[in-house]
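Two complexes, one shared chain (chain A), two partners (chain B, chain C).
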Partner chain A sequence: MKTLLKYAAALLAVAMALAPIYWLVTISLKREIDQFASPPLWLGFTPTFRHYAGIFVHDAFGRYFLNSVIVSTGSTMIAIGLGLPAAYGLVRFRWPRDWARGISFWILSNRMLPPIVTIVPLFLMLRQVRLLNSLIGLILADTGLNLPFVIWMMRGFIEDLPREIEEAALLDGESRMGVLLRIVLPLVRPGLAATAVFCLIVAWNEFLFALILSQTQTAMTVPVGIAGHVTQYEIQWGAMSAAGVVAMLPVLIFAAAAQRYFVRGLSLGAIKG
Partner chain B sequence: MSLQVEHIGKRFGEKEALRGVTLEARDGEFVVLLGPSGCGKSTLLRIVAGLEEADEGSVRLRGRDITHFEPRRRDVAMVFQGYALYPHMTVAANIGFPLRVRHRPAAEISAEVERISARLGLTHLLRNQPRQLSGGERQRVALARAIIRRPQAFLMDEPLSNLDSRLRIDMRAELKHLQHELAVVTLYVTHDQVEAMTLASRIAILKEGRLQQYDTPSEVYRRPANLFVAGFVGSPSMNLLPGVLESGVFLRAGLCVELTAEQLAAVGARREITLGVRPEDIDFSVISHPGWTTARVWVTEDLGNETLIRLAIDDAHVTLRAPAGVRADFDSPAWFRIRRERILFFDSHTTEALR
Partner chain C sequence: MSAWQMTAVREMRKTRRIPPGLIWVAPALLVLATLSIYPLLYLIKVSLTDIHGFTIAHYARLFHDRSFGVAVGQTLLYASVALTLEFLLGLALALLVDSLARGRALIRVGILAPMLLPPVVAAVIWRLIYNPEFGVLNGMLRQLGFNTANLTWTSGRLTAMLSVILVDVWEWTPFFFLLLGAGLQAIPAEPIEAARVDGAGYWRTLMDVIMPLLKPTILLALLLRSMDLLRIFDQIFILTQGGPGSATETISLYIYRTAFRFSNFGYAAAMSFIALMITMLAARGLMRVMKLR
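Presenting the complex of A and B:
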């Protein structure tokens, strides 16, 4: 009886999580006439791929998709590349008094700032260096968003490594950089993978910077492209849903691919091994 | 001189970890740093390794001043208490790591790994991951990794303390023989005085960051420099009885001992002195002899090959070694005699040995 209740509760939770996704997918496959049928058509409708064809043919959605891929992977790679050494330095180097703590909190405070506060200065700075409407400008903006997160996550993972292992490597002949690349990096890989997936998802879903910093199609990303279907005169539900489904896929793939690391990464350090 | 440590001082904030520590070691010597936890022995080792920087003083290895060298430039190898194996590498990769870092040819690395692992009985484990090994095996891998590149000095930080006691005794003997074979100067940190006595060619005893005595195990045992060393080295430890000197006789409640001329000369005009005597330098009897001191048996411990007897004299205890089979009941009367010529005297105030 108890198990039954447990399963019922779990089922309910799953249904609540999946219902919007189900609705999104069915809308993207329905003709306009079926989209607002009352009572709603749960299953009995004639599927059409018109909306999918439409977003790629009429809307340059392929372009947005490519832009999103470039911006999110680019900013994630830069954030990891800068964040890992920064975290290592903060954890392992000798700092005067508690500077390491102070610097860490300053870094975190950058992340706590609502992004909209930074948008005007960011806009002006990027205009000055002619990076508005460019992928590089967006990559830089998103890196700023992700870097504090990477540093804080990696700080925790590095702190959990036994110091002796790194000291052994130093005495065996490694430089500090060698220790970071050949000892620390392999050992924090699960944590790093989980962190990278978080960064990818944040950058993939990022809307505000993408909307304001790229006014043309050159650097327009998927979320901005989707929002473009809400126009002054109509809301293109079919096209928007189709775009939403396509936008969702990479996130699902990231999460599935990194799931193994996710659990390990998040619980890394919980048990000393 | 192979390794010279001179006037090393180190502070951690308010706390003084080391002060004016000077010692030197000859080629192939096995030097043990001994002391209770927090005495600075590990800090001294880490300063020699380059993992900590001394505030003052210098470290020289084979004539090179390495005080400010990075660890990797010092050409020393270290074995850690927790072994510090690289968890993401196989045993073979762990052992070969120091050579790989030095970009030696792969053929040479695998040949050396073969040779060293055969020497330490690790050949069948080469493909394993460190987490699949037992404590003793991990210890061997750590040793193999340290010796593969023939460093100019070995540094060992309590390498045996994570092993169970039987394995520890075996590894101790093996380590001593290995060190003799390699003939490389070794600095070894431990808080276990038996380990220090058995391994060392010389023992450096530290207390609160200061060097107390630096000498061979037998000298440290027979002629401790002060009360701390006397009490720390030896098991069971030396009996230390504070008392006073009155006209050539050491007096305390329940005990009086006449000093030899030599001892009197050493003690001089001091009045408050402490008598020190090893448990094996006391004779024991259950019947009365003329000139022997009387006491009460507090406890006896039969070790099979000998018996340890603890006597109560007034408010103090005296431990002595008696032959196997000696029996005495709790609280029964007993007699003992301290061998006069083996007694050491210490200044009760400065704690220095008087000789």
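Presenting the complex of A and C:
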């Protein structure tokens, strides 16, 4: 009896978590008349894909989607490219006194800057160098979010490796770069992949920077495109919900791939769960 | 001397005083400095200048600006209420799921989903739900026989704040659920067994054995989450734009409005500096906790 109650409570929690998401999906598939039906229609409506066709044909949503892909992969690749060697350098080299720790925590403090604080100066700086409304500007801004994260995550993953293999390779005359690429990299690959997935999600979901740094279609990302639908005087439910589904699908798919490392990622590497 | 130390010594000798690892870290540091130190210095400069040159007027204005005080107060209200609810719910859920024999993995995946959505999408979902006329929430309440004429959720002056907080709770309770769940799994079974053997009931075991062991994880989760709560922007921007009136305006939204609607960058910069100081309190606590690990 007690076990049954527990399962009921757990299932209720799952239902509360998923029902709103399910509702979004149904709205995106309903004709207008079903969207506003009273009482609400949870099942048993005739699905239509009109709203999906609509956002790609009328609203340049394909363009936003492409921009989002470019910005998130671009900033992720830069963050990994700079962050992996930095993490290796911090973990595997001998540093005078407390340097490695001091540098690491300074890097972490960057992650803690509220975006609203950096966005005002970033906006003014990028305006000066004429990088507003450009994908490059957005990639740079998102790199600032992801780089500290990559360094912290990879520091933890490299620390977890046994040193002996690397030592042996160094003795055999392998260069440091060779050790990183041929020995460390294959061993940390799962962790690196998970870290990359987290970066992709952060950049994909990022809203404030994109809202301010891309005000024309050339660099607008998916979340900003969706916001455009919302803040208009009349809300187009079909378009808005279809766009929402399109925006969330890649995240859910990616997240499934990195599930094992959620706790580690969310705690900035502090919990190795 | 191990091979490792020999290499290290060789590298130290080669470069004398510059630590050899610096070359590996320098590119990342340079990029971060460009994206954080320089902007911060720039921010301070902007906050201390107007068209005539140096001024402290922007900071002086903070003290008379009621809207700023309201935004700070509402941010703290939003953050503390959401943090408390998310923590308690997340802890309860973590304890519940931890005690189940089967199906834990599946339940976990189900509960996690809201946290992964782009915040903008989460907010869009709740706009569909909260809509007074066509939303599913009032629709269901009407089905149950309630009169929903006055239930305006995000567009009501009194209910708006509560409504946006509930969205945050829906979205981020999974965060505590996940982190505290991992913390629970890391607790060794022996002390709990020992308490049981000594005749301690569930509550006694929870309060005297489990909670103290879970404390470091709880502290970490609370600090991480509070930093994000203090900067809340996306969901409120989509749900209410800070309204009705300024009923849900937070620091981030007020800075946004000042800078990018009214183009008053100097004043926005001064407010940003204060916002930075507020978050730094949480950040310093967090750093201390992470250093202990």
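Operating definition for what follows: the second predicted complex is superposed on the first by the 242 of 273 C-alpha atoms of A that agree within 3 Å, B and C clash if a C-alpha of one lies under 4 Å from a C-alpha of the other, contacts with A are read in each partner's own complex, and residues count from 1 in each chain.
In the analysis below, contacts are C-beta pairs under 8 Å (C-beta built on N, C-alpha and C of every residue); 3 or more make two chains touch, one makes a residue touch a chain.
All figures in this text were calculated on a predicted structure; none of them were measured in a lab.
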item	value
Partner chain in contact with A:M220 - chain B first, chain C second, else both or neither	neither
Partner chain(s) touched by A:P162 [first = chain B, second = chain C, both, neither]	first
Chain B versus chain C as contact partner of A:M125, first or second or both or neither	second
A:L170 touches, of chain B and chain C: first, second, both or neither?	both
First (chain B), second (chain C), both or neither touched by A:C199	neither
Partner chain(s) touched by A:L135 [first = chain B, second = chain C, both, neither]	neither
Touched partner set for A:I183, first chain B, second chain C, both or neither	first
Touched partner set for A:P40, first chain B, second chain C, both or neither	second
Dominant contact partner of chain A by residue count, chain C or chain B	C
Chain B versus chain C as contact partner of A:A239, first or second or both or neither	neither
Chain B and chain C footprints on chain A, overlapping residues	167-168, 170-171, 273
Complex contact set, residues of chain B against chain A	49-51, 70-72, 74, 76-78, 80-82, 84-88, 97-98, 101-102, 131, 145, 149, 155
List of chain C residues in touch with chain A within their complex	2-4, 7-8, 11-12, 19-25, 27-29, 31-32, 35-36, 38-40, 42-43, 46, 93, 96-97, 99-101, 103, 107, 109-114, 116-121, 123-129, 134, 136, 139-140, 142-143, 170, 174-175, 178-179, 182-183, 185-186, 217, 220-221, 224, 227, 230-231, 233-234, 237-238, 241, 251-252, 255-256, 259-260, 265, 268-269, 272-273, 275-276, 279-280, 283, 286-287, 289-291, 293
Contact set on chain A toward chain B in their complex	162, 164-165, 167-175, 178, 183, 186-187, 273
Complex contacts: residues of chain A adjacent to chain C	3, 6-7, 9-11, 13-14, 16-18, 20-21, 23-24, 27, 35-36, 38-40, 78, 82-83, 85-86, 88-90, 92-96, 99-100, 103, 105, 107-110, 112-118, 120-125, 140-141, 143-144, 147-148, 151, 163, 166-168, 170-171, 176, 201, 204-205, 207-208, 211-212, 222-223, 226-227, 230-231, 235, 237, 240-241, 243-244, 247-248, 251-252, 255, 259, 262-263, 266-268, 270-271, 273
